[in-house]
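A, B, C, D, E and F label the chains in the order they appear, each numbered from 1.
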Amino acid sequence: MATVAEILTFVETLAPRSMKMDWDNVGLLCGSRNTPVAKVLVALDPFEGVCREAAQWGAELIVTHHPMIFQPLKAITDETSIGRSIQLLCRSGISAINAHTNLDCAPGGVNDILAKKLGLSDIKVIHPDGTDAQGRPYGLLRSGEVEEQSLEAFLSLVKQNLNCPGLRYVDGGKPVHRVAVGGGSCAGGMQEALDAGCDTFVTADVKYNQFWDARDLGLNLIDAGHFYTENPVTEYLCEKLREAFPEVEIKISETHGDCMKFFG
Amino acid sequence: MATVAEILTFVETLAPRSMKMDWDNVGLLCGSRNTPVAKVLVALDPFEGVCREAAQWGAELIVTHHPMIFQPLKAITDETSIGRSIQLLCRSGISAINAHTNLDCAPGGVNDILAKKLGLSDIKVIHPDGTDAQGRPYGLLRSGEVEEQSLEAFLSLVKQNLNCPGLRYVDGGKPVHRVAVGGGSCAGGMQEALDAGCDTFVTADVKYNQFWDARDLGLNLIDAGHFYTENPVTEYLCEKLREAFPEVEIKISETHGDCMKFFG
Amino acid sequence: MATVAEILTFVETLAPRSMKMDWDNVGLLCGSRNTPVAKVLVALDPFEGVCREAAQWGAELIVTHHPMIFQPLKAITDETSIGRSIQLLCRSGISAINAHTNLDCAPGGVNDILAKKLGLSDIKVIHPDGTDAQGRPYGLLRSGEVEEQSLEAFLSLVKQNLNCPGLRYVDGGKPVHRVAVGGGSCAGGMQEALDAGCDTFVTADVKYNQFWDARDLGLNLIDAGHFYTENPVTEYLCEKLREAFPEVEIKISETHGDCMKFFG
Amino acid sequence: MATVAEILTFVETLAPRSMKMDWDNVGLLCGSRNTPVAKVLVALDPFEGVCREAAQWGAELIVTHHPMIFQPLKAITDETSIGRSIQLLCRSGISAINAHTNLDCAPGGVNDILAKKLGLSDIKVIHPDGTDAQGRPYGLLRSGEVEEQSLEAFLSLVKQNLNCPGLRYVDGGKPVHRVAVGGGSCAGGMQEALDAGCDTFVTADVKYNQFWDARDLGLNLIDAGHFYTENPVTEYLCEKLREAFPEVEIKISETHGDCMKFFG
Amino acid sequence: MATVAEILTFVETLAPRSMKMDWDNVGLLCGSRNTPVAKVLVALDPFEGVCREAAQWGAELIVTHHPMIFQPLKAITDETSIGRSIQLLCRSGISAINAHTNLDCAPGGVNDILAKKLGLSDIKVIHPDGTDAQGRPYGLLRSGEVEEQSLEAFLSLVKQNLNCPGLRYVDGGKPVHRVAVGGGSCAGGMQEALDAGCDTFVTADVKYNQFWDARDLGLNLIDAGHFYTENPVTEYLCEKLREAFPEVEIKISETHGDCMKFFG
Amino acid sequence: MATVAEILTFVETLAPRSMKMDWDNVGLLCGSRNTPVAKVLVALDPFEGVCREAAQWGAELIVTHHPMIFQPLKAITDETSIGRSIQLLCRSGISAINAHTNLDCAPGGVNDILAKKLGLSDIKVIHPDGTDAQGRPYGLLRSGEVEEQSLEAFLSLVKQNLNCPGLRYVDGGKPVHRVAVGGGSCAGGMQEALDAGCDTFVTADVKYNQFWDARDLGLNLIDAGHFYTENPVTEYLCEKLREAFPEVEIKISETHGDCMKFFG
């Protein structure tokens, strides 16, 4: 039977550790490399609800994008959500592995998925950090093209393709043609998007002053939500894992979704 | 005629310098204390549009909440929005003063205004930093009460009273009764809000993981927008300045609004 | 039935949190405050063997001096001893609490126990950090007197009373009369011991240059082992817990001892 | 007509940005790249008097060695000299560019000019930082030779050639033959001067302990004044700018000089 | 016979250790507290020439203002002046004590001496750091008055009273009436001097930009030399030591003077 | 006659400066390069007793492993052991040179000597830092083989070969075959020893938690004493110096030994 170690090795073929940011925490963060795995639950986050779903379903492994542990832990008690999650995993013999910024940067990863989901063509890595073993450039952001259209038209497309309940945006005063994408909190890459010739940038967790900066720079900036810009990668992980481990039962969490709602 | 210095002194009666955060930059950030003032433009931000409006209207002073200069400047050129703004003010002889975190914390300031705007009663300072000359407590956040109601009902109230185009929120699983408020980016104060017995927190610039933290803590967290939670203070400033300087023409910017839009 | 929370509260009556060093990690580091407790295992360290013993015995709580987690954790896997220990505790529903530098400093704690074990009289706190609720001084080191004797005679006494297999020491050139004690790694307090009029200092984990420093300062310095200088506190904890919780079964670990051996 | 951008590009041909120290601030620090330029005022410093002279003369640009902004600015008010200077430049539409440590280090720059002004032959860069596009070494200090002479004779030469009112010096006990030069505050380079075989070092802003260090090292150390050692570069800048922009009126400030005087 | 310890105790009555700056190094920096002392050499600096003079004269102690060791030493070899000095002192059994910033700040110390030497009346401590055992304020700078006079007249007075070969100064545009003094490198205290109502400041080691700052602030700033502003304290030390230790032979160094010369 | 400089040059042929750790202090730390040398005292440490022995014997040079000065010195008085040592060396005209971490790392140095002393075969550098001029790898730790034996048998061998009075150790649960060695405080290199395939590690100054870490890692860890693991290098230095300087009298200190004793 496949083990946690084998599945981790495979995930790190898709998203090599060497592509992660220095501050990141990725790989096997809870459990045991030797655990045999019959069921894998895939989700964007390893939050408490996901851990409970995995335990109820009888999974031996959860595979997520965000790490189980981000701030190193000084205690593991039931007073915190992370403490309860870890206690549950340990009690249930469930391991947790993740690929975070390595999966953001990897060819085919979070941001390539996002670019494709938006229907971009001529997809390129913005400011590549290097090339992988197959000579493909990797790095955080992607840019690509859509047929030139009004911002309003593109907003509809984003909302529909990412299936998100709402968008926040600023109008940079240009039609949409070349689009940068960065799933999650990538608004700090605005200048790089402009330098790469983009008129529009789709990302999330954008702050007040960043919307103003975008307007000053003449960049259409769209916050489509952290969850909606990154969650598509779970389908990709699911498919790849199923191909590689046909004997393992693999599914995307049925309970996890964005806890944040729009009221408008 | 009133001078910039006199108006600054008055503003710092409303919002004493001693109440500001260490890292903040407040007071006269551009211009001259001695300039006689006949017209004052009040706005949330000293952005380029506001500076242009002030120049066109013939104001000698702009009074804002956010500071003209936040990151200390290494150059003042027309290649940046801040550079163009400062050049315009200098060319037009316009001074710029502001009260930022001192106005957030001051009795009657940004957060008291926000609490009142939401119709809260029994308004208290959460974790006061001290008391002012009149013995009133001051500090960043406020809490207050509404008649117990569903979260949905309260969301309607917030949207209507702040006149904002949309809200982002997480449902903490409790009805709304005691509400904490912190205009702008105050989501870091979640635990303090809970410790003060609040079930609901209205603030802005909330990030993905903060929505999840709120849900884990059982707190209704509402992001009503940086602009909409803080802009009400401009009316307050305007009124107070008119009372104190009846001979000066004072108005709120007619062009400034949130550049961020909702698409939903 | 007693809960983890009640036992923790009691332990922190003996060793108040406020007496701990800034860098230390004490209290409930694993488990749940609400767990009912019928069996408590007491040990100097919460190492893997102790966790296993607790699980086999059916304890719901381990009470130790050293903390379960010292370096904050970035992963909890079975590749490390700490990871295996935490997994076992979580699986077995065992909580772990500790009192470390607060117990070193507390009146009646680690260093008072050590002083008594060595038969010192006129025991005083060296450089008190303050006084507790009952007005008793607290602080890290203790000094006390023995009848003046040769260093050799005192070495015999230390070895016998602490039941340790061997000692490392340097002869400071004086007979033994006033003795400072600091269980564990306290050799950095040498100068304080001298300032307090001591001729002899019993501690552990002494390094080469510290032995030479002691000789230069004319201080007899005795390394009696980290385990042997601190372990006596487990009896004290055991007794106090039994008095306070007569219905709970409490015992000292039967498997834990110093892993370090002498060959001489 | 020439623009600020064209003149800046030319200045940075003489003194490439890549030659500047990490901490330095050079280039266009105030104004606009697009301003057409008919008159340029050249000066060592962009101080208030120079700004006033530029405004009165009707210049659109000042070119200086020292930067307009050194400590990044938190306010631009008429309470400080720098604030008044910037307000005046903005009001008068005058841009300010500078080449500081890049001009110190560049071939032909501040220190080559100083070496020539002192009549040195066989001029070399001490400890070159690299070579420029034409293969010429660049770096901070220069050394060169004079016919061997007494220190007294050389002091006369320095005073006369730099036209300075007085010198401060220490006698290192050697005749003068190989001379290091570093305009401005370069006394920290004493050891490098010695390592390069120099017996004498001409620089400025020398402190008490540095004179003693020089004497201990057997180095004649001459403080000829920050202004007098660097100001000769203004003639060089003026000439080069006139050659490159024959249609622009270019002159050296007629009002700027050293504010420091000798009384002896 | 008096010992080094007794003389140090006396010096620290004049200049209590508690008055020194945090970064300073004062007291017994070389030698032995127990050495009996028949001859003391007093000098501003413990430089090599002074050490040689002490050895030749047969002194057992040198008392200086500046410390023997400022940068902590990693080696003591004859390749450096400080290494040679220490070797000579050790070889000759000479101890070295000093009072540096404690003597600058002490009532009656370096800056009171300097103020008196300039004939100031109504001498006050600028920004006192506290009061000494006798209730006298202490602190770095002093201010005092002269009969209002032209700057030129005051320059003559300074040069004559301090017996210095030359002065460097900037004209702040005011007549001289209230004068701040700070021996050595105190130009950083310019704003404090102005706040204390001074029109003129006498100090040393002034840099180019500090002269300009003073001019901008309207302050006459005079650099009278580090040596000439501080050396008068040696007479004071000599007198006080002679009074306290009449049986000890005490003299000021006959060889030490400023190594820096003027050429003008 | 040989000079200090010549002997230092030779020592740094054995242990090149470039091999030292960044934080280390090596070379000539006291005295003079030009001193002619007839007698050299070699010792592990330059402690006070060694300095006295050198003075009594009439040596002009001491050559040690540990540096004379480790913490840079702020004073050189007879109140500290290091102060008394330096005063004595200066008074007696004795120089002090040392090779510390450069000698630990050098081919043939401290750790090669230790490995040979233990009879290891197939000695290799663990994690080499580079190669020396002759192409030999250098670095801190060494590994080598003994015939497979019980830990008890190897403990006897260590005690006998290093002639040490006692050992402290933890049993890692494996027989002894491949052994890592690091004289002095090298327990931090445990993981490297394991990565290099070692079952056993001989070093010194091991702390309580390090013994436990070793046990968890399945590594036999032996603390044979700082002195006993490093002192063998003195014989090596002595021999090499005698070969190179046959006319100089060279001996190992007859008084220096470990001040620490075992009582067991």
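A few points about this structure:
Everything below uses one rule, namely that contacts are C-beta pairs under 8 Å (C-beta built on N, C-alpha and C of every residue); 3 or more make two chains touch, one makes a residue touch a chain.
Remember, it's a predicted structure, so these values are computed and weren't measured experimentally.
Any chain touching chain A that also touches chain B would appear here, but none does.
Residue numbering at the chain A/chain C interface overlaps substantially, since over half of the positions present are found in both copies.
Using CA-based centroids throughout, the chain positioned farthest away from chain A is E.
The mean-CA centres of chain B and chain C are about 53 angstrom from one another, to the nearest whole unit. Annotation: 47 Å between the Cα-based centres of chain E and chain F. For chain E, residues touching at least two other chains: there are none.
Chain contact topology: the protein chains form a single closed ring, every chain touching exactly two others. Order of chains round the ring, counted from chain D and going first to chain E: D, E, F, C, A, B.
Chain A makes touch with chain B in their complex at residues 45, 47-48, 80-81, 152, 155, 159, 165-171, 184-185, 204-208, 211-212, 215-216, 225-227, 259-264.
Residues 25, 27-34, 69, 71-79, 86-87, 90-91, 93, 95 of chain F are the ones that touch chain E when the two sit in their complex.
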